[in-house]
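By written order: A, B, C, D and E. Residues from 1 in each chain.
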């Protein structure tokens, strides 16, 4: 087994990242974490995570940005809010996970070919196009992009949905598509500024 | 008034305290001193490192004498801390102590602001206000009022017992009021006490009998304080004595009535045993109950509920002590000082739904387990589960209702240690695998860490992590039919599922449910945590904002037995210092009616909560009884013709302050 | 210089009631007239402005000025009179504290002019013409009108005042008292209000009927509910300013079965009459919860108009701020 | 104190006069100090024994002398050290608030808060919040306004002083 | 009773039976549902992962349209959102608009760009479970039950996003509202400790190993506790628990557990037909479990 250095130098901490974590919506109590691990213990997905939510919170507030943004943990969060509901220090762990997902997408530091970020992006593309999400299209599209073998695996489910009349072929779309785009574009104008600010801060 | 060095009006001395760097570190004290020096009337303006020190006080006294100062202003800490100190300094210099005004630039400025310029500005403004105000001050005198020598202690747990004995041993008459049928409190429930593992009963019961036998102590158990009137040194306390339906002076606690009760079997949950056993309607809480007098529970006694019982109990009593006609009594007693030792409530673990207390029978509260391991408890100290099994694995969950924003934010301070104690006892009695689930292990007392070390070596398992849930859904064969604890082993960095047969929830300590009502009766404060508020966390830990009322033990905050006993001794000493002085001095901030200005409109009369204002029908004017007045100033604010003046808070003084602060 | 003291009367923004009050001295006025030389009294005698201008400074012994000051003309006249008179007596509520005209300080000048010249029902002014301070007539002569000031002022906010006679209007007894004090030369301290410095309840005939445990549960308005003619009016729930109002009127209104509305102003120990009565009255309400308190207080629909009926310009805030 | 801080940031720094009752709010402010909580330095505290001592005149006087805001702190209802003083305060201030509103003093410039002796944290949040809100409202500056309002008198005061003979107006 | 209705994308596709049964039940109970005109996708959890403010703007468009429709037609300003994800997202945006000033400003600007107004205070997002139990009331519903489902044992499954973090109408860890409603329908609810444990719905498609296991745990525990069917309040949970049982069988064990909507069970009790309620749309057929229960 190759040797791996696990010690960290203080210079490896990204303090701006730690400040950013504290500044995000939901991150306000993060400094108060007592590392009790309730979030991890209540999380139904922590059994698969490379860092338990508790460890991730600790890494994030300390500014270990690379570890945090490249972690699987944030992509495994199913946003069931169990951690947030019970955290004794009222840390909004789920909201922090969301913010970390967004940051990871923005910085392109999520694990490659890992389908969740792709689903998320695809989802927003669909909404921009139609205003609604034809689930079947979304799933098919996703698998074709990431792992078409899986797509074949899903054919059984597709047939079942077809049989029970739960499959829609024509993507439903709304009347006010232009209106929706204007709304989203207006936000984009603002958030582009925000993005620049984040980059500058980093 | 003599004219001052610059400007007219009285000659004012101004002093600013640096308080080491506490003030000078944030406020430019020299700038404030200079600012004050230029204000009209200020003859002396000085700074000093510690104004409250002897040299600081001496400097003031000397300046008053040498310079003929007529008013004194000191900018330092809170008047709640040192107002009295500087009044004395003024008096020492020959100045009436009320020609003094204090400016709080520490608690209200240097400690709470970071911007030095802004903090200095604030200090200057507040100093100017005081200097404007102090010109209007009048010479006043404190009233001396005699003090009643008796002491009341409310709450008969270990704190109350110790405080009562201490005061009684000093020769004071003490009335000890206890709500329950017996004194002893929570300590009487325990088998062993940490970290020495000495037997709780062995050290407590001698003190309980000492209370009973003490010639200076009147014990009123099964009684509650309902009203407190009066003021420091002269309280009038009303105590409700609930009927036991047993004559206390006749009953010897022989059990004959209990044996004779028409209920052959005990069938009502025994509160003392946390509901783990049953009692009859007529009962004695435990063999060493003090007073050793039985009590009849009106909620379950057939005679008291329906009036149609054969009353076999009464027949069985050869001393004729049972009296179904007993009524509630109300007693009024004068006392000089009151010590509150009303204790704590254990956190109700039902509030943490995810630990399954109340749903899973084998999830126990720590208090239940205290009884379970107690040799005189419901099972005689034999640890068996509700289903009769003997546990092979036991999980003790710390911090239940502690360190949690959803319930109680604080660390309850004793749970780590009593959890260790229970772990030891459970392991000793059952041989089971015992796990402790903790967030942080807190063992800061004398020989506490050594006890922890002992437990580690005894092979008790320690998992650092707050348990997320106790459930009964199995994922593996060994989990089937057992309780599963789900926790992150934070030191290992992964989540674990641990099957156990018994779960112990280490409940935190919280304020009594009725602490808010009690503190209203005694006119004291509660902290945001609900515990009684001490006057100062460090310097007046057993005093309250109500003079003459002291607090000790867990009613002030979670604490263990040694700390409780220490506080109880301290409270007794404070109470003794008060009553032994023989008199108290009252703040002269009372209100008065300027008779020739009063129109007799009677507006003020109904506003006074102490009925200190009466209407003189002969003069057709209002008048204020100085002894009854407590100095709130509500009447002065209300008087529509401005004819009521509150000493130290006269209109001119406050208007002066407003003008000063904004000029 | 004749032996008789020279006396002037002048009026500013007022209703004329104060002038009536002088006449109300009845036969007493003759004594006054006999004792003094009246050198200015626009309401009764023909004097011109130029007559005043012609007087030497301090040649008038005393000038009684009633009415609040709102226009530049009033302002100029009182300044001139101040120069001509040895003593200036502020006469009546309007001069003392703004009086009823002072209530205009709740509105901006623009609001007032717009209402009066445009929005008031009955006004026909489609051209929206407003009075101008200067205009030319056909003969190309210049006409001037006084400037309408931004706010109403009490007399002492414009000029120095020596004594005050309170009331709307001051009672004959007080006027006589004031005049006699002046004539006799037994002068109180400058700035004194020439009326007893104790609140009205002192001389109120219903004083004894006021209970000592008053707890108000509602406020009633005199035009909407009958007033028991025997009992303390405040205790009946009507807003009576008596407790916060200087006495000296002999409780005229109360004797007429109406509550005191405060025209004598506060006693010398009180700086803001309205605030003080708020403190007294609201403190005596029985309710403890905010909604109930508000319900009781809703019985006072216009607090400013009620508590500062005669004294808004002299209140601590002087006038509405955001206009 | 000036309306602009010394750092020259030009930000309006409101002046807030705070009347604190001795037993609850003043003690809470002491506690905030002992706990070293940090809050805005804009309040100037005047201590009274009970919020019931606060005469509405004091509030008006503070405004008229230049306060941009007035904060009144008392014990929570039911917790008054003097049994019921704070209820009297509440009633007075409900009426005073209406009057202030009618006089054009914006909502938020006057504030009544119940802060118990244990609520040091609340002193911080209330003060910070009030300072932010009053800052957003801008200066009230009544002394300046009084001066401003009276500036219309200056012209005539001068001309009469010079004993002008010019007949300025026709009646 | 009149409510605004926001069905959400799922109810137009895989969750069709939920739409059908909810409407049928509402009709039977005299509730009128007015669909929010031209609503768009709420954004679900995925959109929030991409851009926060845009996600709020997306949801806000629905809120704005709903508010306008309510004002227009004089309806009660309560939006019924049956899908837990929609319910959470819309509620979250309402909270954000209320609490976060910056979000509010940006969203207001965005809506303006689309010619829409900000939703006004007082607009509420409600779940049909809340409405049925707390507005209609169990007594009124019981009175209309025609064929109680005697002997039907159900595992009440609430999922995560209905109760956490915003639902105020029930406990976040141990909700009971559906249990009470099912009891009113005559069915029996087994003690089910996994009521609010995540079903893995958002992961089954993407990280099947994780998602399937979560679904399996819920289904096998329901079976172990003697339930004939799982009853749920969310189209995503239903899809996830119902749709992958063949895979679960392959990976773990055969569970064969029908997954119904609570509206379907209630509908049956109210005497509505299986077809009306879309019972036939279950991939794991529920008919055998229901046979003879009415």
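The working rule: contacts are C-beta pairs under 8 Å (C-beta built on N, C-alpha and C of every residue); 3 or more make two chains touch, one makes a residue touch a chain.
This one's a predicted model, so the numbers in the text were calculated from it and none came from an experiment.
Shared contact partners of chain C and chain D comprise B.
Note on connectivity: the fewest chain-to-chain touch steps from chain C to chain E number 2. Which two chains touch most often is answered by the contact tally, and the pair is A-E. Mean C-alpha position of chain A lies 49 Å from that of chain D.
For the pair chain A and chain E, the distance between mean C-alpha positions equals 23 Å. Contact with two or more other chains is made by residues 354, 607, 634, 637-638, 651, 655 of chain B.
Counting partner chains per residue, chain D shows two or more touched chains at residues 52, 55, 57, 61, 88, 92. For chain E, the set of residues touching two or more other chains reads 173. Contact annotation for chain pairs lists A-B, A-E, B-C, B-D, B-E, C-D, with touch applied as defined.
Residues 354, 399, 403-406, 439-440, 464-469, 486-490, 493-495 of chain B touch chain A in their complex. Within the complex, the chain A residues that touch chain E are 25, 44-45, 48, 75-76, 78-82, 84-86, 94, 98-99, 101-102, 105, 115-117, 119-121, 123-124, 126-127, 131-136, 139, 142, 150, 154, 156-157, 160-161, 163-168, 172, 174-176, 179-180, 182-188, 190-191. The residues of chain B lying in touch with chain D in their complex are 78-80, 104, 106-109, 111-115, 117-119, 121-122, 124-126, 129, 520, 523, 525-529, 533, 537, 545-546, 589, 607, 609-610, 630-634, 636-638, 646, 649, 651, 654-655, 657-659, 661-663.
In the complex of the two chains, the chain C residues touching chain D come out as 49-50, 53, 72-73, 75-76, 79-80, 83, 106, 143-147, 149-151, 157-158, 270-272, 274-276, 278-279, 281-283, 285, 287-288, 290, 293-294, 297, 300, 302-304, 307, 315-323.
Touching chain C in their complex are the following residues of chain B: 596-603, 605-607, 614-615, 620, 634, 637-643, 651, 655.
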